[in-house]
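Just so it is clear, A, B, C, D, E and F label the chains in written order, and each chain counts residues from 1 on its own.
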Amino acid sequence: MLHILFLFSLLFSISNASVTEICVADLKGPLTPSGYTCKLASKVTAEDFVFSGLGKPGNTTNIIKAAVTPAFVAQFPGLNGLGISLARLDLAPAGVIPIHTHPGATEALFVTRGAITAGFITSANDVYIKRLRKGDSMVFPQGLLHFQVNSGKSHAMAIVSLNSPNPGLQILDYALFGNDFPSALVEQTTFLDDAQVKKLKGVLGGTG
Amino acid sequence: MLHILFLFSLLFSISNASVTEICVADLKGPLTPSGYTCKLASKVTAEDFVFSGLGKPGNTTNIIKAAVTPAFVAQFPGLNGLGISLARLDLAPAGVIPIHTHPGATEALFVTRGAITAGFITSANDVYIKRLRKGDSMVFPQGLLHFQVNSGKSHAMAIVSLNSPNPGLQILDYALFGNDFPSALVEQTTFLDDAQVKKLKGVLGGTG
Amino acid sequence: MLHILFLFSLLFSISNASVTEICVADLKGPLTPSGYTCKLASKVTAEDFVFSGLGKPGNTTNIIKAAVTPAFVAQFPGLNGLGISLARLDLAPAGVIPIHTHPGATEALFVTRGAITAGFITSANDVYIKRLRKGDSMVFPQGLLHFQVNSGKSHAMAIVSLNSPNPGLQILDYALFGNDFPSALVEQTTFLDDAQVKKLKGVLGGTG
Amino acid sequence: MLHILFLFSLLFSISNASVTEICVADLKGPLTPSGYTCKLASKVTAEDFVFSGLGKPGNTTNIIKAAVTPAFVAQFPGLNGLGISLARLDLAPAGVIPIHTHPGATEALFVTRGAITAGFITSANDVYIKRLRKGDSMVFPQGLLHFQVNSGKSHAMAIVSLNSPNPGLQILDYALFGNDFPSALVEQTTFLDDAQVKKLKGVLGGTG
Amino acid sequence: MLHILFLFSLLFSISNASVTEICVADLKGPLTPSGYTCKLASKVTAEDFVFSGLGKPGNTTNIIKAAVTPAFVAQFPGLNGLGISLARLDLAPAGVIPIHTHPGATEALFVTRGAITAGFITSANDVYIKRLRKGDSMVFPQGLLHFQVNSGKSHAMAIVSLNSPNPGLQILDYALFGNDFPSALVEQTTFLDDAQVKKLKGVLGGTG
Amino acid sequence: MLHILFLFSLLFSISNASVTEICVADLKGPLTPSGYTCKLASKVTAEDFVFSGLGKPGNTTNIIKAAVTPAFVAQFPGLNGLGISLARLDLAPAGVIPIHTHPGATEALFVTRGAITAGFITSANDVYIKRLRKGDSMVFPQGLLHFQVNSGKSHAMAIVSLNSPNPGLQILDYALFGNDFPSALVEQTTFLDDAQVKKLKGVLGGTG
């Protein structure tokens, strides 16, 4: 009996080598191109691989009548190094997730409630739009502009997954009108009218 | 006016170069290590990026009282080359998704209904188990043994995503007892008793 | 003497195994997620690895007073499978490369003539803008919105490289206003005014 | 003469930039998803790229009459970041390497002594088994269950390589019966009988 | 009983989706940047994953008194898409594997017989050389110049693995002197003397 | 108005998660297999993404009458984690960039001035050579031996890009003759004559 235990002790020490098989993010540690450094293995618990933040609807009492609740590595450190993340979309009636990209990830969406019209545009400038109902799935290829709008009469909800723990989220309106990007340059590089740019800068808090 | 159209025509021809940005699988074409060859761009429609098969519960009137409904590339050709897939888990009361691995993908799970106890085991032989409720998420790192069981009194459902269009699914019981893997070798390499192996081979239709 | 020739013949047959070391695109063959199938090795010549199309300035007699000349895999088949491509930017005085993304690649730019003001915006909504002169280089991380404008008085030119043979090019204006993306959805997902959308659709040939 | 030295000094400073070309693991430093941080370049020696631990047979005086001796990054720090590792298998007569997976790597095996029957099972539930003799090679695709047993009368030995410096090793018996995975859950997710589970937990030191 | 069979039939159809989990090369089919197209699944057998060609010593009765026997994808089609390959080195007394690179792979070597002095040179121009004995392992990072010489009195043998099914092999002497690379260009780009270049071109069959 | 600001504040906190979207190298921090650790986000400026060092010609008053000026991660920290780098080649009349490899990257070259004859050699021992003029581009696949020589009468210049922030540069002459690689081993593994090796060791400062 001792013999087999001996063997497996040996094998066990082998297995311990596999440290990056799991690498729960130490969010206070240094960041690297491949993600955060790993929390000490001895401090990892089952809680690190579980996230409850997608259980509650986001607050949709805002102008877009919608909310995105992320479960990316910054919220869910167990995803570090694992190539996947999640998010929850809530859309009140008439709610809109404005056109945006995820610079580093493809997105797959599953509608859990209501009806959502979603679409994306390719580099070849083809537009693919579909009205999705509860139970439908749709995929949005990496880096392409896409959107989701509530096309039903009731609250809509979807779960999305992205194939990166850190997919990024670049919302067009916010990128153009919600920062210090100078209006003159916005206008020059988008062909939008000055009045339009200033109006949206006003709404979204942009300066310049 | 013509001028700008001229410009954008030029740019448009550039954009058309990005053919593998989307590569809807031609499931009848040759397969390659990176996935299926692409359907002709001119035949791609919005339908290719949408899948409705996860909208209905799988049939759980079986011994495990559970079902897995996949949306992998073979079911959802629009996923080809995009590094992501989905599946739906249905677990009737007492239902079980038996212990299994996805050889080529990490899995993220979101509970949409009921309560599920899920867990995985690492190469370091640590066991991480949690009881998840509706709204909870859990991640299962690539290639590791994991399971899900209904730990509530009602039907449970989850949506899972995997970071491969073709993640594979290796169910332990089926791999050991549901094929022609000779009983003597199963016993020799698992230390299971002959009676146990033959009993399960009988149930699962294995031979040898 | 024959002995060493014998050896190297053997080694030579080994070397021939390395077929995907080079994989010049057969642009008429099937496409896969990893690129085009390879031209027969016996038909590959030095010409396949050379491209002359970046030698001449693009036509800038258009409204944006600029041109992008690509050397992506569709123009330069020798790049297939090699993870890199090039393009040439020409900007007449007041020329603009409108805001755009490359969904699948990071870009590095080198100014060969004139002065260019370039910038990009991150997911964290930071804006990084610099005025570049001849001899300056700038990098634009994968998938992020960026632009280049001539900020001098003479013709400007830059060579850009992208770390994909097929980087894609999604020009914001063209994606929003140059196709059949319905105006109502454009307005709903961008917050742009109806008049603005219709004006730019008119300029760029969009319908819907 | 000085001129050329000057040139090469310049080039030499370029070359020094290539720090991650080699990245010997600092096993006491932080771990990242891509591996360990690198030992200081000035302290790297030829010894870091050499490992002698596979030169001696592992101890096979145990119940499985076999041993696995790893040369993974934890034992052989020079492998860090290099995408490869090695291990030595020793099988006394009747020795068995129990069914297991490497969650993050494909394995290639070369028999250096004796006869070994080896096999693997795919997600499609096909079983591929072969009796290998000295000089034969076999490949086991990433993440799939596989095993090796001595099928000769003398000691058998094999060298295996894996395409990860940290491939992981998940031995089925140890994962199910050698830790605190509760017996009730093991039985529920494997369909094994309670007596069988408790017997093997007893042998392998499992609790719960 | 039928119930559980029903379930597993369903799961079985899922599993069949994982077609690129294994992708045995169809060496007569088209080649892609990710490797060869896959042999039909129905024609795959255990033989495809086994290779016997490394069992016999290569012929070392040549001037370098050495031989390389490859098990790359062209010889061992089961490796296609799997990220690994093997080769056997045989070195008679005074045998030499001349300085070479593998452009697309890192190499790990295990000495099975005799004594071998091996080394590599980095971009930082550091030289790492070690005399290896039977049982020693050494790693050669991707793309770097390296060599192996017999430093004992008897036949030496090693098994090497490379983390690509198609690693490439560029032998310096053969690249410089064994083809139609014009002598004038060889001399200009290597600083070797004309007599030296012509002498080696004569030995290795080079022209120009 | 507050409502929409509220929403975007929420989204902004999401976006901040995307920390490795940009990861400017902290060159004094630890190095990992995926690159340097990231500079604090709060200290990143537009300057980090711009490099001016390629604006001036390298010093070509040396024996090879040429110079390579790198913009790799060590010179241009903003490239860290981004998979691309640049360099400038200057070749005075009769200038030569000696035969070399980049162990970890493919190179694309664009001639900005003069005429350059460039070439590379494959593992299959094919030699691809072309005379390039201003405006021509050429690609050199990863890890293969290649060279550039001035084939015009005036100064020539090229911009090259490489698909790694840290591509490495292994110059054949420097690797063989510019370090402490023992002459006897150089001769044994290259078949070069002792006089030739010693002559070049003398020129390049090699010892041993």
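The rule we apply is simple: a residue touches a chain if its C-beta (ideal position, glycine included) is under 8 Å from a C-beta of that chain, and two chains touch if they have at least 3 such contacts.
Just so it is clear, the structure is predicted and the values come from calculations on it, not from any experiment.
Participant: Treat touching chains as neighbours: how many steps, at the fewest, connect subunit B to subunit F?
Facilitator: The fewest steps needed to get from subunit B to subunit F is 2.
Participant: Mind listing the chains that sit against subunit B and also against subunit E?
Facilitator: Looking at subunit E and subunit B together, the chains touching each of them are C, D.
Participant: Any idea whether D-E or A-C has more C-beta pairs in contact?
Facilitator: More contacting C-beta pairs are found at D-E.
Participant: Please identify the chain with the largest separation between its CA centroid and the CA centroid of subunit E.
Facilitator: Chain centre farthest from subunit E's centre: A.
Participant: Report, in whole Å, the distance between the mean C-alpha point of subunit B and the mean C-alpha point of subunit C.
Facilitator: Averaging C-alpha atoms per chain gives centres 35 Å apart.
Participant: Indicate the whole-number Å distance between the mean C-alpha point of subunit B and the mean C-alpha point of subunit D.
Facilitator: Averaging C-alpha atoms per chain gives centres 26 Å apart.
Participant: Hey, what residues on subunit A touch two or more of the other chains?
Facilitator: Answer for subunit A, listing residues that touch two or more other chains: 12, 15-16, 18, 21, 30, 32-35, 103-104, 119, 122-123, 125-126, 129, 141-142, 144, 168-170, 174, 178, 203.
Participant: Just spell out which pairs of chains touch, all of them.
Facilitator: After working through each pair, the chains in contact turn out to be A-B, A-C, A-D, A-F, B-C, B-D, B-E, C-E, C-F, D-E, D-F, E-F.
Participant: What residues of subunit C sit close enough to touch subunit F in their complex?
Facilitator: It comes out as residues 12, 15-16, 18, 21-22, 41, 44-47, 49-52, 54-56, 71, 76, 78-79, 82-86, 106-108, 110, 112, 119-120, 122-126, 128-130, 132-142, 144, 159, 161-163.
Participant: Show which residues of subunit A lie in contact with subunit F when the two form their complex.
Facilitator: 30-35, 58-59, 61-64, 66-68, 70, 72-75, 103-104, 166-171, 174, 178, 203-205
Participant: For a test of understanding, state which residues of subunit F touch subunit A in their complex under the given definition.
Facilitator: The touching residues are 1, 3-8, 10-12, 14-21, 23, 26, 29-30, 32-38, 80-81.
Participant: Using the touch definition from the top, list the residues of subunit B that touch subunit D in their complex.
Facilitator: For this pair, the touching residues of subunit B are 96-99, 101-104, 117, 119, 121-123, 125-127, 129, 141-145, 147, 149, 168-170, 172-176, 178-182, 185, 188-193, 196, 199-200, 203.
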